[in-house]
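Below: one structure, written as structure tokens.
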């Protein structure tokens, strides 16, 4: 029995692997823009890869590839069959597989970002998939959204309120948003961004760098896993092709 | 009840200088064979059928280093007959090392009321080449097809390359958009040989891509081959589509040896 | 343990193994107008079950049988532990030969053991490399029945995800061996069969789960894509119940059609006998002998000595898989490949 015991922790085993950062939030709030911004500011110092969960196929992945912020091969798109929240919460197998595929191909990595397909306020990442998660709101949804709470707003490790440049236009009061968010978030951080104006989202990047540092202090430097998913090497392939003996 | 049992055989041998000689050409009516070129044989049907209860076998043995082309003069019309048992046609082909077989008979037409079993066992040596086309027409013009079951097994040096069953005229598959849609004929061509071997693998999670056309696809197999599959409203359209696919498949392996001297 | 409850878990659409993102060709059929409503969908599902459904059912049964033989206790040291969750009451050494293979058959219900009765049995002791190569061979049999690369890719992806999930739910030596044998991910039915065996299911239950998922995934996808009444669609599935049972039964029966209607020509090619391979006709002989009785087979095997025993044992498994159904569906192939060209797809396949 003991022989199989390790497998129970197989998927989530944190030792020596990249930090997995989930980015969730409603459609259009700026998740993809934030991923691009993080790639811009973290790319030079961290080994990155990205998984997208587009509602419609590879749109976000294509945007990121075109943006030229990361080697296009380091982006994998996962299709979610109309149910983006299922893929990050109830059935995370495809996302885990994508994360591990990237680690196999490009590992060791420091940070793998998983962007959710965009959903309602109740959608959060399973702890089996994301070690840390960011929930992205934007001001155009109105300044009452943080007060309404919901698991994304209350429990995410970081709440990002994006598109502050639009606040005057939509009449959103950022101090109200800040106060309400603090009230439901139990001291967890909130950052206000305008990715339109700060193309590197530097405050978020700084937070992410801290998370990666803390992760690596706790779980060690990422190293390459010769995991059970590693592509069969050429010798083995040849052996398989040879006539059965 | 008169049913027919016949066994015909074609066997080549190397004649020196890289040439092929027909070592055996054994007809057994209604399976009649005619040599029509130095390395070409035509199947000439003598008599109608096959009919229910008939059992026909064709052996094709292409010796190492030789090449052979097998065609037929006309379509095979499978008819009902009186027996309960289906008509059976078995083709057993072996293609030796470095040998080439081009097998492209005219279509098999499943006339209303027939029950036909077609069994193909194709055994390829490691570096053999084959072009194998099969076309099935669902009944004569305007008629519902009889029942047909074609089984195709191709192996390369004993390893499975392609194993397929094709059912026609069964309630479960008729008119299913998953199986034949509204097509009236179905065809496939296996083109196999070392030139179609999958590239030395770097990442086995990524498959080679198919080439897709209107009603046809050239599908790279997991082993050294490509299967062209096509659906058609009639035999002419089917053939056109298969040809497109065959061209795409051939183009996908530059430097591949020709799969046959010439195609009509 | 008769595997019934495990079967429910395995076939449940909520099993977290990525199945929800696959439409089995329905998304492309909808895009092309080949499926527009419940009538088309009924014909789609019926045809899918009769082709891809039957093939996956047979492969799943074969994989279940192979996994069960690997988990079955063998004489001598190195005996694998009984499969099952570490906390389950059935943990511990098995009580006798064949326990792991019995599944539901032990209480003699309705022939659940069908397909498990005559398999070539556990490996001669001492060599797991042989089992690895058997898994690869079975996976290659699945490849040979899947001409479309898009479908192979989808099948491997689903198999990989299922294997990942199953190894945590039902840890077993067979699943570990399978993961080692096919690291890129086995075909889904192969993983499903191995998972079923590890969960305590018999081959017929594995076949039923495979047949069932071959139509339920596409049915659910159609509900989402076409906005069909979910009850109407479940009615279609209910109408397929008998066909599902028949498919599972036929799948298991095909395992016992080990001798093809004529011998495999591959066993007697121009190449002559290969080193370490059984001589021509051997596989068929073995298959016949196996039909004559499992015990007799073992006796012959022991007498033949270690190496020959291994080869004969492998050949018997191979022979068991030659004749498994390979029902093709040209439209599904075209749909699967067409799906890849859709820039706006919602489903993986």
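Order of writing sets the chain letters: A, B and C. Residues in each chain are counted from 1.
In this section, a residue touches a chain if its C-beta (ideal position, glycine included) is under 8 Å from a C-beta of that chain, and two chains touch if they have at least 3 such contacts.
Note that the structure is predicted; figures quoted are calculated from it, not measured.
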Leading chain pair when contacts are tallied as C-beta pairs: B-C
Taking each chain's C-alpha mean as its centre, the one farthest from subunit B: A
Separation of mean Cα positions, subunit B and subunit A [Å, integer]: 51
Where subunit A and subunit C are represented by their mean Cα positions, the distance between them in whole Å: 35
Computed distance of Cα centres, subunit C from subunit B, in Å: 28
Sequence positions of subunit A contacting 2 or more other chains: 231-232, 243-244
Touching two or more other chains - residues of subunit C: 157, 184-185, 274, 277
Junction residues of subunit B - those touching two or more other chains: 157-159, 204-205
Residue numbers on subunit C that touch subunit B, as the complex places them: 25, 29, 34-35, 40, 43-52, 140-141, 143-150, 152-153, 156-157, 184-185, 243, 260-262, 264-267, 269-271, 274, 277, 322, 324-335, 337-338, 340-341
In the complex, subunit C residues that touch subunit A: 14-23, 81, 86, 91, 133, 136-137, 157, 160-162, 164-165, 167-168, 171-172, 176, 179-180, 183-185, 221, 224-225, 274-277, 311, 314, 318, 342-348
Subunit C partner contacts - residues on subunit B that touch it in the complex: 63-64, 90, 92-94, 96-97, 119, 121-123, 125-126, 151-153, 155, 157-167, 170, 172-173, 175-181, 183, 186, 188, 204-210, 212, 215-217, 219-223, 227, 229-231
Subunit A residues within the subunit C interface of the complex: 1, 3-5, 7-8, 10-11, 55-58, 78-83, 86-87, 90-94, 96-97, 228-232, 240, 243-245
